[in-house]
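For clarity, chains are labelled A, B and C in written order, and residue numbers in each chain start from 1.
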Amino acid sequence: MTLRTPAVVLLFILGAAAALVGDHGHIVTGTTEYLMPAHRVPFAWSSPIWFPVLVGGATVALAELRLHLPAVRTTVTLRQGLAGVAAVEGIYALTALTHGFAAGPATVAIVALTVITWCVLGDRFAVVCGIVAAVVGPALEALLVAVGLFRYAPGAHQVFGTPPWLPALYFAFGVVTALLGEIAASMTTRRAESTAPVT
Amino acid sequence: MTLRTPAVVLLFILGAAAALVGDHGHIVTGTTEYLMPAHRVPFAWSSPIWFPVLVGGATVALAELRLHLPAVRTTVTLRQGLAGVAAVEGIYALTALTHGFAAGPATVAIVALTVITWCVLGDRFAVVCGIVAAVVGPALEALLVAVGLFRYAPGAHQVFGTPPWLPALYFAFGVVTALLGEIAASMTTRRAESTAPVT
Amino acid sequence: MTLRTPAVVLLFILGAAAALVGDHGHIVTGTTEYLMPAHRVPFAWSSPIWFPVLVGGATVALAELRLHLPAVRTTVTLRQGLAGVAAVEGIYALTALTHGFAAGPATVAIVALTVITWCVLGDRFAVVCGIVAAVVGPALEALLVAVGLFRYAPGAHQVFGTPPWLPALYFAFGVVTALLGEIAASMTTRRAESTAPVT
């Protein structure tokens, strides 16, 4: 494990909190609905407790993954990380706000924002984290839909019961989480340097 | 007063014009409604005349405030200022367009755009101007609502009759106005230098 | 002709494909409707075949135009080009998604995004390409509306049957196409240099 414990805790909490905020938007707009079996576990706000836990864990895993890929950037800033978190939460909110709109242009708008997020904040290895997130996330959601834990409202162009914009949202999540991993690593390095004994 | 007279006039006109455009969006979408007592004064487009006057004055005051805070940036450009004004007007328009949408994700989207605006264009002292605007603006609006001059359409999560995204809109306004103050100051300096006698 | 043949082909295909995606959004939302005479020619997806051909040709022409204007930038990157294409497609999708919304704030939001696109990606000569596109494009559309090939759904503030945001969408298209021309030129130059014999 490359991430230090405080970074793991912070990334887990950040991912879980962002998941709760985003999922609330999906629930109140009717974009998604948790079905009966999901209600057998406690809920946090609008989500069954395992949802923020899964997203928090995925945040830590993707940030860690980035640090095992080449060319980890050391000049990334907290400000970029904040912008990245805002971008993902904004895209997440947009997927809720466009519920009930034509799936085609809504998906184009969401993909466009995801592409811009990568162009501004990502490097080529963030693409790896983005693709991992865009494959594993929707696959897991399709599984949860298949076993009847929740469902998306019916819509055009769905794949295994999931909406066409879902991989784009996960891709943006993966790109920004890779950035957060780099920020955590470079802050740890800087702190280590500033407390190292003079040799 | 640090701002020169031409800058004061331009900032006042810019703020007043931006206010008229933004307020028009709120009126035509039914986000806000001016009540009977407000109609005792002349209207400019969709707004009673005091509304653009107040926003124009606030624009001057916040730009001036920034110049009394430390570390005034001298490398900010007119292009950044233009992007900032577009960002605030775009966020303002979004608050009108999302009228009638679920308050939760609409507020998340608006806050996300405000955070990104600060990340791209603001410095730490712009946060001061943002917070001043985000406190005074909504407080004054709550007062005007309380005395019956206007009202927001009913919605979720309102505070003293004002919507939950209002502080974010004012924060973005404060951040960009701080930037405009810096641009005005640095252009004045450059002009003074270019017309100074060679010593 | 300054653009090399591969660049011409790529720009034509990119413009045509982007046009098909954007036009599909307009059709499925009812923003536009092709009328009977338009159906006398084959359709590609939601568009009569001449629509992507015209936009592909305009993409080539505007990129070429940029290279005949001064101060062609050589440091622009593929990443900026990708962000630009995403920005135009995102704005295009937004014009479809805001169909049925109040024309005032929808137009403000679209204009704001166009201004930000220029601020981030354009130079002063991109403005020339933007203005050419913003004049010729809507004029041609007004002609096609006048002869009965297609129509926009009725809306406020229309000019010769075209919506108020149309020049902004074309302006963004012109700005980004100018950037794509610069990218194509600088990639050609770099390739020529890397394959030149050592002298």
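Methods note: a contact is a pair of C-beta atoms (placed from the backbone, for glycine too) under 8 Å apart; a residue touches a chain by one contact, two chains touch by 3 or more.
As the structure is a computational prediction, the values presented were derived from the model and not from experiment.
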Fitting chain A to chain B on CA atoms, where both chains share a sequence, rotation angle to nearest 5 degrees: 120
Type of chain B:chain C copy interface by residue overlap (half), same or different: different
Inter-centroid spacing, chain C versus chain B (mean Cα positions, whole Å): 31
Residues of chain B touching at least two other chains: none
Chain B residues touching chain C - in the complex, by the definition given at the top: 21-22, 24-25, 28-29, 79-80, 82-83, 86-87, 89-90, 92-94, 96-97
Chain A residues touching chain C - in the complex, by the definition given at the top: 98, 101-102, 104-106, 108-109, 111-113, 115-116, 119-120
